[in-house]
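The structures come next, written out as structure tokens.
First chain A sits with chain B, and in the next complex the same chain sits with chain C.
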Partner chain A sequence: MSDTGQNVGIVIVSHSPMVAEGTAQMVRQMVGGEVPLAWCGGDLDGGLGTSVEAISNAINSVWSEAGVAVLVDLGGAETNSEMAIEFMGAPKRDTIVICNAPIVEGAVMAATEASGGASLGEVVATAQELSPL
Partner chain B sequence: MVAQTDIVITHRVGLHARPSVKFTKLAKTFDCKIEVSVNDTDKWIDAKSIVKIMGMKAPAGTQLHIRADGAAADEAVAALHGLVERDFDERQGAVPADEKIADANSA
Partner chain C sequence: MLEKDDMVDLIRACAAVIEAHADELTELDSAIGDGDHGYNMKRGFEALRADADVISDKPLPDALTAAGMKLVMTVGGASGPLFGTFLMSFGKELNSGMDTAGIASAFAKATDAVAARGKSHAGQKTMLDVLYPVSKALTDGISGRAIGDVAEAAAEATIPIVATRGRASFLGERSAGHMDPGSRSSALLVRSVTDWLERRA
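The block that comes next holds the complex of A and B.
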């Protein structure tokens, strides 16, 4: 259990704002409102892509000492998320983890685990438990 | 303290995505160890694991065994029994979007 009194936050990063928003909507409707949740997607011109700045803003909007689990889709979403986390600096960056899990299923699983007050490690492990399937 | 109950899943799409989330979230509100098994397989799985509960893919008509061991075991079993009995509180109102998808896929 987290000892900060707050639930681990979830950030969804997709190349498509519609995928990111739709995933966030599924989390809200299926899991509920007790988990801090943010999403971002698309580049500044409205096309497909991800932005380090948008990812940083999303992470900051839900960050607490309990930590943040990040769900990503393809290549650039992951590398830009890694960059955004790196820029956070120590020790904050150590409380933000990218999950090796499918974005939609991983977000729902992670949020379900987080809603019960689980630690960041437990939340990430739950999302990643999906991967071998 | 140990408690156990059996109940048949009557929700028409079974222990699907949203019902699994509700079941797991409710289980997590209790400190005791809670496990479930289906159709007398004697394979008990952690009721607080969303991945394992959803992974059971238990359809309507499944005989669900729920057992709890520890603090408030009776209350935990009664609460989960009630949730399954009430069709996960989805008996009334519009069909949620994820179930429409599930129905379409099973058709």
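The block that comes next holds the complex of A and C.
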């Protein structure tokens, strides 16, 4: 259990704002409003891509001491999320973890786990159970 | 030592080269990647050029770090953190010395930082296949135009490689026969810097 009294936050990062928003919508409908949830997608010009600044803002908007699990789609989304987390500095950056999991299923599973008050480690592990070994 | 005007001029030279080759980079990336490399790099270097004055007010190591941060924040694809990490690490390492040996050592450490950021190594058809040969040439004491030649030859040498990292790795064998876009942009930038240094000398 999370001992901070707050639920772990979930951040969804896709190259496409529509994929990110749609994934967030699925999480909200399937899991409800108990989990701090944010999404971002698209580059600075509104094209497909990701932005470190947008990722940082999304993480900050749902961060608590319980931590944040980040779900990403492809390549640059992961690299840019890693960069955003690094820029948070210690000790905050140690409370934010990128899940090695498919973005939609991972987000729903992570949020489901988080909504029950699970710790960040449990939330991440649950999402990652979906990944092929 | 680079003066402020030199740094502004160098940033403009690099931005101009990326702009001139943006379509070519995008074409290379369309063949084996997701087709955004040219646009992304162009956006990053335009942002860098717009900030050239502020960035160049700083001493060289800090200017490189600021330039790297700018690329991270504006490029939008994986190349932002990769090129940005290179410049940030290069800048940081230059604080330990800016003589020939210091530059070679900083370049080597910055290349390792890119490898760590991309969880990659040489031979996977990535920008590392240009950075490592350039790093070795610098360590061997090669300088000037010859460094640009090493970079261009290394980029050409990525053509037959089957990609095992990055988006191109999804294509497997079909990635062979195309130059790696990140290697091309790395070589273009190395060439811009060496040409610029020659013009200035």
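One rule holds in what follows: the second predicted complex is superposed on the first by the 132 of 133 C-alpha atoms of A that agree within 3 Å, B and C clash if a C-alpha of one lies under 4 Å from a C-alpha of the other, contacts with A are read in each partner's own complex, and residues count from 1 in each chain.
Here is the rule we use: a contact is a pair of C-beta atoms (placed from the backbone, for glycine too) under 8 Å apart; a residue touches a chain by one contact, two chains touch by 3 or more.
If you're wondering where the values come from, they're calculated on a predicted model, not measured in any experiment.
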Fit or clash between chain C and chain B when superposed on chain A: fit
Contacts of A:79 with chain B and chain C, given as first, second, both or neither: second
Partner chain in contact with A:18 - chain B first, chain C second, else both or neither: neither
Touched partner set for A:43, first chain B, second chain C, both or neither: second
Smallest distance from any CA atom of chain C to any CA atom of chain B, in Å, after fitting: 27
Residues of chain A that lie at the interface with chain B and also at the interface with chain C: none
Contacting residues of chain A [partner chain B, same complex]: 26, 29-32, 108-109, 112-113, 115-116, 126, 129-130, 133
Footprint of chain C on chain A - complex, ascending: 43-45, 47-53, 74-76, 78-80, 82-83
Chain C - residues contacting chain A, complex: 34, 36, 39-40, 43, 72-74, 76-82, 84-85, 117-118, 166-167
Chain B to chain A touching residues, read off their complex: 17-18, 21, 24-25, 28-29, 48-51, 54-55, 96-98
